[in-house]
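Going by the order they are written in, the chains are A, B, C and D; count residues from 1 in each one.
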Amino acid sequence: MDKRVATLAEAVRNIPDGASVMIGGFGNSGVPFGLVDALIDHGAKNLTIISNNAGAGDFGLGRLLKEGQVSKFVCSYPRSRGSVWFEKAYAAGEIALEIVPQGTLAERIRAAGAGLGGFLTPTGFGTRLAEGKETRVIDGKGYVFEAPLSADFALIRGEKGDRWGNLSYHGTARNFNPIMASAARHTIAEVRQLSEAPLDPESVVSPGIFVKSIVEYGVRP
Amino acid sequence: MNSLTDQQLAARLALDIPDGAYVNLGIGKPTYVSSYVPSDREVLYHSENGIIGVGPTPAEGEEDPEMIDASKRLITVAPGAAFFEHADSFAIMRGGHIDIAVLGAYQVAENGDLANWATLDEKFPPAVGGAMDLVVGVPKIFVMMKHVNKDGSPKLLKRCTYPLTGLAVVNRVYTDLAVLDVTPEGFRLVELTDGNSLDDVQAVTEARILPPV
Amino acid sequence: MDKRVATLAEAVRNIPDGASVMIGGFGNSGVPFGLVDALIDHGAKNLTIISNNAGAGDFGLGRLLKEGQVSKFVCSYPRSRGSVWFEKAYAAGEIALEIVPQGTLAERIRAAGAGLGGFLTPTGFGTRLAEGKETRVIDGKGYVFEAPLSADFALIRGEKGDRWGNLSYHGTARNFNPIMASAARHTIAEVRQLSEAPLDPESVVSPGIFVKSIVEYGVRP
Amino acid sequence: MNSLTDQQLAARLALDIPDGAYVNLGIGKPTYVSSYVPSDREVLYHSENGIIGVGPTPAEGEEDPEMIDASKRLITVAPGAAFFEHADSFAIMRGGHIDIAVLGAYQVAENGDLANWATLDEKFPPAVGGAMDLVVGVPKIFVMMKHVNKDGSPKLLKRCTYPLTGLAVVNRVYTDLAVLDVTPEGFRLVELTDGNSLDDVQAVTEARILPPV
């Protein structure tokens, strides 16, 4: 069992036009910048991107948007300082946006990875973001029904990894990466360091069973 | 009328954070609060992006670009900290485990409704983040904001006019002019910024303010 | 912030008659035997116990059952070899049993800790364990609606802990302990070793926010 | 008729576990399978109690009482292993991440229905464990069992009479007498234990067995 691939380009080469792609990270922390750059070079278009933020500046998700590769964004907070390329595309009507409360986004991703058919969350009950959704009141508390959210691919970033695809993380760079790893049909992990030895089983946060390919990218943003 | 600066307001609110509390500070000005909590109180700060135990800003040269809080500020780690992934982080928020959240607001209504994620301006894409999860899960929601908008229009209303973040969720509002509790009867004055009168504050408030009991 | 208590007896002394109590462990691994013994000595009666197994032999949950302190058991597998005290009480009609598929038990506990109102799981659809439950078919797949499961107390076992209540685990002794920690109003942790220094934040599996009291119990079963 | 021993049956099934597979072995006899998987294949075994990478039984003196599998046997850890908690373990099972599960059974029906958790004997308390989660989540369900009950009554049925574990979930059945696939048309013979004929096996099977295509 050896999931290592030699280059970032090789890791993303099977992502087709029209694919749905989860991308880990919160702000610039835990974003798989190496894989995102490779995806830009690869050139797949008409992508649906699922990621908490919509990039900032001319790099990472910002550059992916600038290059016009994204037709839909599923996200909780696309309006960070510097999210100019998203704002331009949105204002021009060139991109569809599905806005999801952050905890609901995380839980929908987890539900897909866990094989659940959906869940009831109190988040957003009575607000505009629950409009048109099934709701229920239990013991006086309102809940919104939310469906699982899966993707064709997930691009994630870990700290250390091994040939089995096991991953550990670094500080707040963990964020969406472990749940996205579980929710995509093909999860590609970039790690700061590929270890020859297996990771300590106690320190593994994402078991390798979720990971199809793993590639080293030593740069820390 | 006398108006607290943002830092003075953060210092006032910090007095109400008890020893041993787990606290989430919303993005922007609420993050000022932690600097003013009395040093004999041990408070652990949760940030939605996967940490309990947010420490102070790093010294120069000690920054780690992957160690940030929900405001995307660089942070350090306090003793007793833990990291976790996003589903777990929001389980902590939604599940009632955090004691207090401090949030900014566009509007607060006398029934405790909160509007803090979207205005009626459709020019910008909507962005919600984690506020909706916090308000349904955290038992004490403190709002920290200016009492009125820049144009003088009131932010403490009978009913919110902006899209809601949550229904009947706010417990207390700290403004530059006064501190008010949200009660079943509506806003009730807790205290006035030194030198202000209830009549003065009422005059810039749409909702009725009840006197202290 | 110091959640340490000096003795097992002190840790459990506030558990009243009639309480619902989650108890971690799978087989004999990860069971908080020190706290269970203390609960037996404490003598609370008419308890609802939520635990994956119903004990084996005359110790741990077996002894709690033998002493007649349990009126209801919520569990996935009460029939392990040696679960004689459960079988006796069950045959005599002295104990109520709610049998839950193991993954549904785990997910219901997690849902309670995560503030969710319930979820749809494919597990058990079309079987006797879904009788009387709400069901739904989505994209041709059947699902059962399951409600969250919380408790007044959780007794759990970790490997190392600190005064903030942070916990790490050991091997397969992790099992139900982290989710139970999150789902009870008062979680009491026994750890093999209480550390003076804070645990490494990367190695913490259960953040201390879930734990109200922590006590050292060095014995490994 | 010729009947494989339990160990022979495990060895036969082991040939169908491919290199690189993630496999869950049900409690009891299915755990025999791992000993027979050819040594040039690297297979990682998941156990519901929170591990991927179950290794062999520990040597004497090396036992760790808190390192067990779902059968509560003492285990070691294989290279590439990871530990996790129970909700995550069942997310792995339910979410379609495991390739193959090997389970025992009381009964299998020709439509793939499985009964392996309860008989009609109400004397004992019911116990379900993790079988219902495995069968809905794992794409390949292999059943390993005796072809008939001790009293000679059939276990491969038109319809199960015992309470079901899952509906239309079994892909292949390995018995001491034969290997059969569950197809849209019903049971289809894959192979016979050496020396047996299809007629012999059909005679002790309630459901119809189709010949190999």
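Keep in mind that, in the parts below, contacts are C-beta pairs under 8 Å (C-beta built on N, C-alpha and C of every residue); 3 or more make two chains touch, one makes a residue touch a chain.
Keep in mind that this is a model prediction, so the values were computed, not measured.
Across the two interfaces under comparison, C-D and B-C, the one joined by more C-beta contacts turns out to be C-D. Centre-to-centre, using mean CA coordinates, chain B is 54 Å away from chain D. Chain C and chain D, compared by their mean Cα positions, are separated by 28 Å.
For this pair, chain B with chain C, the centres built from the Cα atoms lie 35 Å apart.
Spacing of chain A relative to chain C, judged by their CA centroids, is 33 angstrom.
Counting partner chains per residue, chain B shows two or more touched chains at residues 51, 77, 83-84, 87, 90, 93-94, 136-137. Chain contacts: chain C has residues 107, 110, 114-116, 121-122, 169-171, 201-202 touching two or more partner chains. Inter-chain contacts, as defined above, occur between A-B, A-C, A-D, B-C, C-D. By the touch criterion stated above, chain B contacts chain A in their complex at residues 47-51, 64-69, 72, 75, 77, 83-87, 89-90, 93-94, 118, 123-133, 136-137, 163-167. Across the complex, chain A meets chain B through its residues 26-30, 52, 76-80, 86-87, 90-91, 97, 99-104, 106-107, 109-110, 121-129, 142, 169-179, 205, 220-221. Across the complex, chain C is touched by residues 19-20, 22, 42, 44, 46, 51-53, 77, 79-84, 87, 90-98, 136-137 of chain B. By the touch criterion given at the top, residues 1, 110, 112-116, 162-164, 166, 182, 198-199, 201-202, 204, 207-210 of chain C touch chain B in their complex. Listing the residues of chain C that touch chain A in their complex gives 107, 111, 114-122, 136, 138, 141, 143, 168-171, 201-203.
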